[in-house]
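In the two complexes that follow, subunit A is the common piece, with subunit B as its partner first and subunit C second.
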Partner chain A sequence: MRRWLGLGFLVASGLCALAVLAVLSIALAEIIGRGMPALDLAFFTRPSAGAGYEGGVLFEIAGTLILIGTALAASLPLAIGLALAATIYLPRPSLRRTALSALYSANAVPSVLIGIGGFVVFVHGFGWGKSWLGGGLLLGLMILPAEAVALIERIEALPRRYLDAAYGLGLSRGQVARSVVLRQSLGGLFSGALLGLARAAGETAPILFAAAVFSGAGIPRGLKESPVLALPYHIFVLAQDSFSPAGERHLWGAALVLLVLVASLSLIALPARLRAHEESRHG
Partner chain B sequence: MVELSLAAPPAAAAICCPVPQAAEAARGIAAVETRALGVTHAGRPLLRGIDLRVEDRRVLALVGPSGAGKTTLLSCLNRMIELAPGLRLKGEVLLFGESISRRDADAVRRQVGMLFQQPVLFPGSIADNALFGLRHAGLAPRRSLPERLERALGEAALWDEVKDRLHEPAASLSVGQQQRLCLARALAVEPRVLLLDEPTSALDPRSTEAIEERIREIAKSRAIVLVTHSLGQARRVADQLACLDRREGPGGPAGELFECGPCQERLERPQSPELARFLDSERA
Partner chain C sequence: MSFAAERLAAGAERRGRRPDALRLAAFGFSAIAIAAFAGLIAVFAFEAWPFFRAQGLTGLFGVRWSFRSERFGALPMIYGSLAVSLVAVALAAPIGLGAAVFLSEVLPRRARIAAKVGVELLAGIPSVVYGLLGVLLLRDAVARLLRPFDPISGDTLATGGLLLAVMILPTVVSLGDDALAAVPRGQRQAARALGLGRAETILRAVVPAALPGLGSALLLGLGRALGETIAVFLVIGRQDNQWPERLLALEPLARAGQTVTSKLGGSETFLAYGDPTHWGALLALGLLLLAVVAALSFAGSWVSLRKVPRA
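What follows is the complex of A and B.
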C-alpha cells in the first residue's frame, strides 16, 4: 500500500512539474519564435522611431540598465545593513523573527502601490517630476526585501563555529560582520541582488508613475524631469496599441531582449545559489 | 541576555578549592577565579555554585561526564556565554583580580583565548588563518605581522612544517596540523589565559602528543584550563584537577564542582565517589 502511495505521489509530482514546464516552454517558444525575426544589429544600436513601430530599442535597453543600476546602488547597502542587524546585532530570536516577518511582508507589497507611493513622494513631494533617480529608488525599494532575505538566509546557513572562532579571538561584532559574515556570504548577496534585479528589470508599475516615458527621451542629463525609456514600459504600451504587423514584430523583439536580459541575470546568479545551497547542506 | 550579579553564594553551594582569605592573599592573585558562579536557562540551572581558582602559569584540567557543563563553564570564563541567547549568569568571574563583567567583552576574549574541539579554519591560506585575529581586530601594525606570524606558529610547533608554504590553503594541512594552526591563531593575539575545550578529541595519538607537549610549553607563560575526557591526559599535562558532575539541588540537577586540588594527588587518592568511578571506568 505504502509503495503504491509513494508511486502515486511521484507520478502526481512529475505531472505537476511537466505541466509547469510545458506552459513555460510554450511561452518561451512563442516569444523566441516571434521575437527572433525582429533581431538584428540595428535593433540594438538604433533608437525607436515611428511611434515605436520602427527603429531599435537602444535607449530602452540603456534606460532599463540605468534604472536597475540605480536600484542596485540604492538597495545593496541597505540590504546589507538590514541583514547584519537581523543576524548579528539583534541577539533575541523573537526580534529576529519579527524582522524577518516584516521583510517577507514588505516583499509582498504590490508593485503598483510602490509606484503610486513613488509618484506621491518623488514626483510631487520632492518635485522631481519623472526622473530616472525616482524610478531607480522605487525599484531599489521593491527589491530590497528580496535582497535582504537572501542575505539573511545565507548568513543563517553559516556554521556557528566560524562566528565562535572569530568572537573567541576578541573580534567585535562589527569586525566579525566584516571579516567572517560578509566575506562568507558574498555568494548570497550576489545571487539575491541579481535575482532582485531580474525582477526589477521586468517591472512596469513602479516606473510607469515615476520614471518612464514612451518616447522622446535618451540618456538622462540631470536629476529632475529626466525620464528614461524602459523595455517593460515600451512592451506595455506597444502591447496595448499595436495593431500593425510592424508594431507587433517590434513588440516581440523587445520582449525577447527583455527575456534574455532577465534570464542572463538569473543564470549569472545560479552558480552562487547552488554553491550556497551546497555549503549550507554540508556546513 | 546575560546578567552578572554579585549575589553571595548560596549556603548549599558546592565550594571547590575553598581558600581562607589569609591563605588566598598569600597565594597572590589567581589568573582566573570564579565566585559562586551559576548559569540558568529558562529558570533551569545548568551550573551551580562554582568556586574555581586557576593559578597563572599552571594547567587546570577540568574533567567530568558529557553534559556536566564543562563547555558552559569554559564559556563563562571569556564571556562567550553571552553570545548564546537565553542564558542567565550569576556570580562573578575575576581575571587577574578584576571582574570581567566590568570590562569590555571583546578585550576579555582577547586576554582569554579559546581552542575548540574541532579545528575551525577560515577560508584562506595558512598565514591568513594564523594572523586572522591580529589582522581583523587591528591589533598589530602591518610591518610586525611577519614576525608575529613566525612567533605564533613557532609557539604552536608548526613553523618548521609550514614555513615554506605559508600561502597554501590552510585546508591542505592534516587535522592535527589544523588544530595546531588554530592554537597558533589563538596565541597570536597573546592571551594571558588559554581555554582548551577537548582540543585532542578529534586527533590521532601522534597529533595528541604534539598538542600535549605544546600545552606544557605554553603553560610556562600562561594559565591554561583544559577540558578533557581523558584522565590520562590530565595526568600527563595538568597541575590542578577539577571535576564537574551533575548533582541534585535547588531547581533541579546542575553541574557542580566536587573535587579540586593537585592533579596527581587527586588521581591517586580521589576523595569523591564520582572521581573514583571515573578512574575505575578508565582502568576498565
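What follows is the complex of A and C.
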C-alpha cells in the first residue's frame, strides 16, 4: 500500500511536468503553424500597408531593433556597476541579501507603471513627445535588474580560489575587480546582455505611452516627436480589432517573427546562464 | 593628468591605495540606477498627491468609478486583479510545484537542465503573444466551457486567470525547482536510511525543508500575475464597475471585468492627463499596485535567498 501511494505521487508529479510540456508545445505549435504561411521575403522587406494587415513588418522590426539597442546601451553600464558594487565592494552578507531582494523587487515592477512614469517624465516633463529615446530608456530601466542579477550570479559562480590567489598576490580590490572578476565573467556579461535584449524586444507596456505608434513612422531622424513602430505594439493594436482571415495570417506572422527574435536572443546564452545560476546557488 | 593629480596618485600609490576609478564608476552607476527607481516612485507619489488631497486614500475604496462625476472607487478593479491572480495561482500552484518536484527529484541532472531550457522558453514568450493566443484561441474555448453560466462573450475574468496561470507557470516551476534542489543531499540520505521510500522522502524530508522557498515561488508568481498588463488587457473585456454581489462566488468569474493594470494600460490614461484629480486617481492606483507587488516580491526573494545550511 505504502509503495503504491509513493508510486502514485511520483507519477502525479510526472503528469504535472507533462502538462507544462504540453502547454509549451501547444503554444509553440500554434504560433509556428499559423505564422509560417505568412512568412516570405516580402514580409521582411516591405512596410506594413492597408489598415496594418497587409504588407510586411520591415519598419516594425527596425523600430524594435532601435529600441532594444538603446535599452542595452543605457542599461548595461548601470548593470555592471550594480553587479560590481554588490559583489566586490559590498562584501557584507547581510547587505548582499538586501541588495538582491531589492533587485528582485525592482525586476517585478509592473511594466505598465514604468510606461506611465515615462509618459510623465519624457513625454511631458522633457517635452520629447513620443520618442524612440524615451522608449529605449524605459526598456533599459525595465531590463536593468535582470541583467544585474545575471551578472551577479555569474560572478558568484567564479571559483573562490581565483579571488584568493589574486588577493594573495597583493592585488588591490580595484585590480581584482578589473583583471579577475570582470575578465572572468565576460561570459556572464554577454548572456546577461542577451537576456536583457530578449526581454526588451517583447515588452509592450513600457513603450505604449512614450515611444510606439501604429503607423506613419519610419527610421527616426531626430529626438523630439520621433516615434517608432514596434513589433509588440503592432501585434497589440491589431489583436484588439476584429479581423479578416488574411489579417489574421499577417498577425500570426508578426507574432512568429517576434517569437523567433526573442527566442534566438535568449537561447544563445541560456546554457551558460543556467549553469551559472546553479553554481551560484549550490556551488 | 595635471601635476597635482600625479602627485596625489603617486602618494596614494605609496600608501598602497590608488584612487580606484572602477570603484567610483561602480558606485556612480549604481547610484544612477537606484535614483531611477526612486525617481519612479517619487513621480507616482507626486502625481497622485492632488487626488489624495482632494479625496484621501478612502476615495479609492468605493465601488463606483465614474470620472465625469469625480468618483474614483477602485474596488471593482482591485477585485478583478485579485480574482484573476488567485485563479492563476490556484491553477499554477499544484501543476507548477508538481512539475518542480519531478524536475528536481526524479529527473537525472542532464534531463533536468534540458527541462529547464523548456521552462525558460515558456517564460520568454512575450506577453503580447500570450495575449494573442488568448484572443484567437482561448477566448472561444472559454466561452464554450462557461456556457452553463451564460457568459456574454469569452472575455471574462476566468479567461484572464487561465492565461495568467500559463504565464506564471515558468516562474513557479523554476523557483520551486531551485528551492527543492537547495535542500542538502544529506537530508535525503538520512531519510532513506531511516527506511522511508523515495516518495516519502520527498514528502516528509525534502518538501518540509524547502517549504519557505516553495512559498516564495508562489509569492513571486502572484506578484507577476498582479502586475501583468498586456495579455490580461486583451482578454478581460475591460468592463468598469463590475462589483459582484457576493465576493467569494464563482459566477462573477464568467463575466467581463477590469483589473488595475488593464485600467492603467487603457486609453483613459491618455485622456486623464491634465485633469489633476482624475490623473491623480489613476496614479494613486498605480502606487497601490507598486506597493503590493514590491512587497510581495521583496518578501518572496528575501525568503528564497536564505542560505541553506549544508549538511
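By our rule, the second predicted complex is superposed on the first by the 261 of 283 C-alpha atoms of A that agree within 3 Å, B and C clash if a C-alpha of one lies under 4 Å from a C-alpha of the other, contacts with A are read in each partner's own complex, and residues count from 1 in each chain.
Keep this in mind: contacts are C-beta pairs under 8 Å (C-beta built on N, C-alpha and C of every residue); 3 or more make two chains touch, one makes a residue touch a chain.
Note that the coordinates shown come from a computational prediction; the quantities given were computed from them, not determined experimentally.
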Looking at subunit A, does subunit C or subunit B touch more of its residues? C
Once chain A of both complexes is superposed, is A:Ala272 in touch with subunit B (first), subunit C (second), both, or neither? neither
Mind working out whether A:Leu58 is in touch with subunit B, subunit C, both or neither, as first, second, both or neither? neither
Touch check for A:Arg92: first (subunit B), second (subunit C), both, or neither? first
Please indicate which partner A:Ala165 is in contact with in the superposed arrangement: first for subunit B, second for subunit C, both, or neither. first
By the touch definition at the top of the document, which applies to A:Val180: first (subunit B), second (subunit C), both, or neither? first
Under the stated touch criterion, which partner chain does A:Ala217 make contact with: subunit B (first), subunit C (second), both, or neither? neither
So, does A:Ala255 touch the first partner subunit B, the second partner subunit C, both, or neither? second
Residues of subunit A contacting subunit B in one complex and subunit C in the other: 93, 172, 178
Subunit A residues touching subunit C in their complex are 2-3, 5-10, 12-17, 19-21, 23-24, 27-28, 30-31, 77-82, 84-85, 88-89, 93, 97, 100-102, 104-117, 119-121, 124, 141, 144, 148, 172-174, 177-178, 198-199, 201-205, 208-209, 232, 235-236, 239-240, 248, 251-252, 255, 258-259, 262-263, 266-267, 270-271, 274, 278, 281-282
Applying the document's contact rule, which stretches of subunit B touch subunit A when the two form their complex? 1, 78, 80, 83, 85, 106-111, 113-114, 116, 118, 120, 122-123, 132-133, 135-139, 182, 185-186, 189
Parts of subunit C lying in touch with subunit A, wherever the complex brings them together: 16-18, 20-23, 25-30, 32-33, 36-37, 39-40, 43-44, 47, 94-99, 101-103, 105-106, 113, 115-122, 124-133, 135-137, 166, 169, 173, 178, 181-182, 197-200, 202-203, 220, 223-224, 226-230, 234, 261, 264-265, 269-270, 273, 282-283, 286, 289-290, 293-294, 296-298, 300-302, 305, 307
Within their complex, state which residues of subunit A touch subunit B. 91-93, 161-172, 175, 178-180, 183-184
